[in-house]
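In order of appearance the chains are A, B, C and D, and numbering begins at 1 in each one.
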Amino acid sequence: MSMLDVRNVGKRFGGLQALSDVNLSIAENTVHAIIGPNGAGKSTLLNCFVGKLIPDTGSVMFDGQSVLGRSPHEINQLGISRVFQTPEIFGDLTIMENMMIPCFAKRDGSFELNALSAISRQKDIIEHAEVVLEDMNMADKRDLTAATMSRGDKRRLEIGMCLCQDPKLLLLDEPTAGMARADTNKTIDLLQEIRDKRKVTIAIIEHDMHVVFSLAERITVLAQGSPLVEDTPENIKGHPKVREAYLGESV
Amino acid sequence: MFGLTKTDFNLLLIIAILVLLAPFLLNPFPEGSKLAQFNGGYPDLMQRFVIFGIFAIGFNILFGLTGYLSFGHAAFLGVGSYSAVWMFKLLSMNIIPAILLAVIVAGIFALVIGYVSLRRSGIYFSILTLAFAQMSFALAYSVLTPITGGETGLQLALDDPRVLGIQVTEQGNIPVPSLFGLEMRSSAELALGPWLFTFNVGYYVCALIMMASFYLAIRIFRSPFGMMLRAIKSNQQRLNYTGLNSRPYTLAAFVISGMYAGLAGGLMASMDPLAGAERMFWTASGEVVLMTILGGAGTLIGPVLGAGMIKYMENIISKINSAILHEWFYWLPAGLEDFMVAVVYPFIGKGWHLTLGIIFMAVVIFLPGGLVEGGQRLLNLIRRRKSSSAEPAKDNLTPPA
Amino acid sequence: MDAIILQIMNGLDKGSAYALIALGLTLIFGTLGVVNFAHGALFMIGAFCAVTLSRLLTLSHEVIDETRTDFLGNPLKVDVPYLYDFFGTDVGNVLIDWSVPLSIIFAFPIMIAFGVIMERGLIKHFYKRPHADQILVTFGLAIVLQEVIKYFFGANPIPTPAPAAFVGSFDFGALLGFNANQIIYPYWRLVYFLFAIIVIGVVFAFLHLTTFGMVVRAGMADRETVGLLGINIDRRFTIMFGLAAAVAGLAGVMYTPINSPNYHMGMDFLVLSFVVVVVGGMGSLSGAVLAGFLLGILQSFASMAIVIEMIPGINQVIIYLVAIIILLTRPRGLMGKKGVMEE
Amino acid sequence: MTKSHVTRRGILKSGTVAGAGLAVPTIFSATDASAFTNEPTGDSVVLGFNVPQTGPYADEGADELRAYELAVEHLNGEGDGGMMSTFSSKALSGNGILGKKVTYVTGDTQTKSDAARASAKSMIEKDGAIMITGGSSSGVAVAVQALCQEAGIIFMAGLTHSNDTTGKDKRANGFRHFFNSYMSGAALAPVLSAAYGNDRKAYHLTADYNWGYTTEEAITSSTEALGWETVNAVKTPLTETDFSAYIAPVLQSGADVLVLNHYGGNMVNSLTNAVQFGLRDKQVNGKNFEVVVPLYSRLMAKGAGANVKGIFGSTNWHWSLSDAGSQAFVKSFGTKYGFPPSQAAHTCYVQAILYADAVQRAGSFNPCAVVEALEGFEFDGMGNGPTLYRADDHQCFKDVLVVKGKENPSSEFDLLEIVEVTPVDQVIYPPDHPQFAGGALGTCNPGA
C-alpha cells in the first residue's frame, strides 16, 4: 500500500519549470531515496509535500488524504515529519526542551493554551522525551543550549525531534550533508535502526551514494524537474539514463 | 510552593519583600536632609513603580518570550484607563468593577488588533501595531472627545450618574475611588526619628495586584505555553513543521499582554481617576519597550527594574532645579560652585531627557542584557573573588536552562 | 477639478519631503541592515546647520543708538552684523538673505562627516546585534542629539526664511486657464520639490551608473559574496551612511523656510518616515520614493474640507489607515523583498 | 477611617517634630492634627511651580519659572518688590506669607495631562506643597485643577485660554487669571470689523482639540454677530506640522479672511505656511486678504518671525503697557533677566502674588479661607486695570489687549504692538453663558 502518492505535480518559478509531471509513489515501510543532480528539483518536490510550496498542477495524497492547501502544521499533524538540509532546531532552547516540543505537539495537537501548569508536572511528556534522548544517545547533554552543539549533534537532535512524534512518514533532506565520514556512518546506523525497529516510512534526498545504497529500498532519479527512472538500488546502479543525467554523457 | 520551583519561589519572595517594604526602602534619607530630594517613597511614585511594573511584565510576555515587538501597547493601557473612568462615572467608585472592565475591554481590543497585526511579522508587525495605536491616540484626542474627554482627558464630574454609589460627597465633592469604602488615597505615617515613612492604601492594593501579576507571569514563563512562545522566538519555522500552529500562540500572548496593559491602565485610573489621550501616544508605547529592554527583555524581574528606573528618573531627576544645585555645592568656593552647577545643570531638571538618552545608550552598548545582565556580571565578579573555582555562575533570573 | 489639481501638487510637495527622508532611511537599512531611529535627528541636525549658518552670518556687535530706548528706558543697543563691516550693507544683506541656499554648501560636508563618525563610532558595533538593540541605541542617540540642540537653541521654533526672491507664490491656475488665484503654489515649495527630484535622481544615478554604486547594490543583495571578492565593502558602507546622513541633512536644510525648525522636528517626522519606508518595502529605494509621494498625496486629499465632512477624523488617521491596508494586502509593502526584516 | 490622604511632611520639614522618636504607627486610624492638606506648621511654606520644562512649550515654561522665582523674591522681601508696590491690596509686607518664608519646588508638566498630574502629586505628597500653579495648556490646567480639588490644594492656573477651564471643567479650588477664548472673540471682533469692514467671509482652521473648539466657537459667534460670514471651519490634527494642504484651498473657497485657531507650534507653522502661499498679497472679493490669529504669545511671534507683521490677535498682557503695575513688573523682571517678560510670565507672577495676598487677608492657609478671600475680590495695579475675580466661576475679568505684529521691531522681544485695550465691560459675560455651560464649581475642599 502506498503511503504517499504524487500525481502529475508541476511547479513553475517565473520562467523556470522546476517540476513537471512528477509521478511518485512511496510504499509503506520502505526507505525511498530521491536522487538527482543539483537543480533537479528534489528540494522543491519535498517542499510540496510539507506545505511550504503549493504545486501548480497535480495532487499529493498522503495516507488517503490530500495535503495540498493544508498549512505545514496540519500536514505534520497528519503524520509527516521533516528533517531539513541545514538543521532547523530551537537554538535558544535546551536539548531537552527541543525534544519536549514535538512531544507536546503529538499529545495536544496544534494548539493548547497550557499556560499555568509547570513543565515539570508534565510527567508523560518528560518521560517520552527522555526515552528518545536515550535512543539518540544524547541524555548526557539534555541541559545544553541547542545552538552550542556540533552540526552532527544538531542533525541527530532534529531526527530525534521528528521521532518523538512517531511519524508515519519521515522526510530527510540530505541528512549527511557536510558530515565527516564517521558521523555519516553513525547517521546511517541510526537511520537503519529507525527503519528496522520503528517501522517508519522514510523518504530521503541524498547526494552521498554510500548513504543511498546503504539505506534505500527504492530509488527515484529526478532530472530537470521530472522523474527519470524508479527502481531498486541494484538496477539503478549503472543505469545508462542515470549516468547520463549525472555525467552528461550521451550513450 | 505555589507550584513554583525553589528558585522561582525565592524570586517571588524577594519581589514581595521589596514591594511590601518599599515605603522604607525608597525613603532612605531623613526628612529635611539634602539627600531627601532623592527619596522616592511617596504614594504617587510608588504606585507608578508597581503599575508600570505590571505594564512592563505584561509587555515582556509578548516581546521577551515571542520576540514580537509591539510598538502600540500603550493603546491598551489607554483603553483600560478610559473603561475604568467610565465605570467610575456610571456605576460606582469601587475599583473592582472598574479594573475588571479595564482588563476585559483591553483584552477585546488586543484580540482585534492582534488578530490583524499578527498576520505579519518582524518590523511589519511593529508598524501595524504602531499604526493602530496612533490612530487610537489621534481619534481619542480629537473626534472622540465626547467619549474620551479629548485634550483635557476623561474626568469625573459632580453630575455623573454613579448608579450604585453616591454622586456627591457630604462636603459637596466628587467621591474618590475606593475598595469597599477603603479609600485609595488614605495613608498612614510612621515617623522614626527624622525619617518619615508613608503607607498608602492605593499603593498596597497595586502592590498586591502586582505580586499576583508577577506570580502569574512566572507560571506562564515556566509553562508549556511559555516554552512554545520561546520556541516561536527561536525558530518559528521549525515550530510549524513540528505540527504546532504559531498564530494562536502569539495571539494568546498578545491578548494576555494586552490584558496586563489594561490592568495597569485600570489601576492607574483607580489611583488617579483621570484618563488622558497622551497615554496612548507612540512615545508611551516606546517607553514600555525601553523599560523592558533597559531592565532585560525575556527575564522575569528585568522589566520591573526598568520600569522603576525610568519612572524614578522622570519624577525625581526632573524636579531638581538650579536652586537645589546651588544648595548642594554651596560649600565650594564661589567660582567653583558656579562651575559645578553649570556642569551638572544640563543633565538634571529640564535636562532629564538628556540623561535618560545617555543611560539608554550606555546600557545598550555595554549591557545588552539590560540591568539584569549588569547585576549578574556584578554577582559573578563577587563570586569569582570568593571562590577561585572557574565554574561559571548560573543565572537564576533568566528562564531556566 | 482645480481643488484636486491643487491637492495633487500639495501631495507631491509633502511627498517629496517624506521621500527624501525615507530614501536615506531605507538606504541605511538596505546597505547596513540597521534600523536607524536617529534618522529623524539627522534631518533635524541638517535644519540646524542652516540655523547655525544664519547665526554665523548675523554675528553682530552692538552699537548704541541714543535716539531710541529699549524696554527699560536705557539707550537701545542695535546689533550690527560684522558682515556689514566686511562687505558693506548691500552685499551683507544679500548673503544673509541667501543663507538657506548657502547652507547647502555648509551642511553637506558637515553631514557627511557626522554620518561617517556616527557609523564608525557607534553603528558599526551594532551590525550583528538584534534589531531591537539597534532601535534602542539609535533612539537613545536621537534623544541625546535633540536635547543637545535644545540646550543650545531653545525649544522655540526659529524662523529661517527663504531668500526674498522666493517669497510669494506662482499662479498655476492662470497657466491652465482657471481664474486667477485658483491654483497658486509657493515658489519655495516648488524649489523644494525640484530639489527633492534632483537629489533622488542623483542618488539613483550614483547607485546605478557608478562602479561604486554597483558594488554597494551588490552588497545590499549579498554582502558575503561581495566581501569574498576582496572588495572592502565596509568602507563603502561607511560612505553610504555618510551619504544617507547628507541626504537627510540637506532635506532638513531646504525644509527650514517651509516650517521654522525646532529641536523636535526630527521626532515629528520619525514615525511618519518609518511608515513610508515600510509601506514602500524595507530596503527598497524606489519603494520608499513611491510610498513617499503616494502617502503625501493621500494625506493632502484627506485634509480637504469636504472629505473631512464626510468622514470625520480621516485627516488624523489617513497615513496609518493606508499603512494598515497596504501591509495587509501586500505583505512586504509596495516593493519589498521577501525575507527582509521578518524574523 | 480617616482621610489622612496626604502627608504632614511640612511639619517634619520645618523640624518641629524631628527627633520625636518612634511615633505610634496608627495605621488607617490616625487622628490627623491638621485641619487641611499640607498645613504649614514650621517657619516656611512650600509652593509648587508646575511648568513645562521639556517638550515644545519648554521656553514658555522657563519664562513662567523666572516669573515665579521673581515673585518668591518679592514675597520674601528681596528685590525691588515689583508689582507688590502697585498692587491695590496692601496686605503683603515682604515678610513671606503670614510671616512664613516662601520656598518652592518645581516640576515638569511635559505638557501632558498625565505627567502634569504626576508632577503635581509628587509636590503635594512628597514636598508638602500648599498650592500648585503654572502650566502652559488648557489640557494640563484642567487636569491639574481637578487633582487639586480632590487633594484639597489651591490651584492657580498659569497660561490656559480654553473656555472650559472656568466653564464646564471649573473647580472650586481652581482660579484663572488668564483670559479665555470668549474674551478673545469679544475683544477682537470689533477691532477686526473696524479694520476690515463688516462684510467679510472668514475661513477657520482649528486645532482639533478642546481649546481649538472653544476658540473657534468664540470667534465665529462674535464675528458673525458683527455681520461676518463663516465660509468654512476645518479641523487640523494636533500633530500636523505642514498645513499646506489646509491652506491651499482657502482662496478657492471665496473667503477673504483666514482665522488660525492654533497655538504654539501649530500656529507658528500654519501662519508661516499661510504667508508662504502669499495669501496676504492677494485680493479677494475686491478686498485685501487678511489673516487673524486669535491668541498671540511672544514666543509664538518669535517663532513665526517676520510672518506676524500686521496680523491681528489678542493677548492677556504685553510689556509695553504703560500703567504703573506693568512698568514696575517689566523693570523688575528686565533688570533681573535682561529681557522683558512674556504674558505667561506676567500671569504666573500675578497668580502667585494674588494667592499670597489672599492667604494674608484670610489669615489662614486653609484652602476654603483662601477661596473665600479670592471670590469676588476686586483689585488693581497688576497690569490689566481694575480686575474682578468672579465668585461664580473663579475667572478674572479685566481689560483684554488686541495686538498686531509690529512692522519694524527694534529687538527680538519687540514683536507686537498694542492696537487697542478692550475695556472689561466689553468682554464680560454672564456665568451661565452657553459657551461656558455645563459643569459645576462644587464646594471648596480643604482635604485632610
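Operating definition for what follows: a residue touches a chain if its C-beta (ideal position, glycine included) is under 8 Å from a C-beta of that chain, and two chains touch if they have at least 3 such contacts.
In this text, all values refer to a predicted model and were calculated from it rather than measured experimentally.
Q: Going by the touch criterion stated earlier, list every chain that contacts chain B and also contacts chain C.
A: Looking at chain C and chain B together, the chains touching each of them are D.
Q: Shortest hop count from chain A to chain C along touching chains?
A: Counted as steps through touching chains, the separation is 2.
Q: Which chain would you call central, comparing Cα centres to the global Cα centre?
A: B
Q: For chain A, which other chain has the most distant CA centre?
A: D
Q: More contacting C-beta pairs: B-D or C-D?
A: More contacting C-beta pairs are found at B-D.
Q: From the C-alpha centre of chain C to that of chain D, how far is it in Å?
A: Here chain C and chain D have centroids separated by 35 Å.
Q: Taking the mean of the CA coordinates per chain, how far is chain B from chain D in Å?
A: Measuring from centre to centre gives 33 Å for this pair.
Q: Rounded to a whole Å, what is the gap between the Cα centroids of chain A and chain D?
A: 74
Q: Could you give the separation in Å between the centres of chain A and chain B, each centre being the mean of its C-alpha atoms?
A: That pair's centroid distance is 46 Å.
Q: Give the residues of chain A that touch two or more other chains, as numbers and ranges in rising order.
A: none
Q: Residues of chain C that contact two or more other chains, please.
A: 313, 316
Q: Using the touch definition from the top, which residues of chain D touch two or more other chains?
A: Residues 58, 208, 235, 237, 239.
Q: Got a list of which chains touch which?
A: Inter-chain contacts occur between A-B, B-C, B-D, C-D.
Q: Any idea which chain C residues touch chain B in the complex?
A: 35, 122, 125, 129, 131-133, 135-137, 139-144, 147-148, 151, 271, 274-275, 278, 282, 312-313, 316-317, 319-321, 323-324, 327-328, 331-333, 341-343
Q: Where on chain C does chain D make contact in their complex?
A: 2-3, 6-7, 9-11, 13-14, 17, 68, 70-72, 76, 78, 150, 154-159, 161, 167-169, 181-182, 184-186, 188-189, 257-260, 262, 264-265, 268-269, 299-300, 303-305, 308, 313, 315-316
Q: In their shared complex, at which residues does chain B touch chain A?
A: Listed in rising order, the residues are 3-5, 219-220, 222-228, 230-231, 233-235, 237-246, 248-249, 252, 256, 401.
Q: Where on chain A does chain B make contact in their complex?
A: Touching chain B from chain A are residues 50, 71-73, 76-77, 81-82, 84, 88-94, 97, 100-102, 104-106, 108-122, 125, 143, 145, 161, 165.
Q: Chain D touches which residues of chain B in the complex?
A: These residues of chain B touch chain D: 31-32, 39, 42-45, 48, 138, 141-143, 145, 150-153, 155-159, 168, 171-174, 176, 181-183, 185-194, 196, 198-199, 201, 272, 274, 276, 278-279, 314-315, 318-319, 321, 323, 349-350, 352-353.
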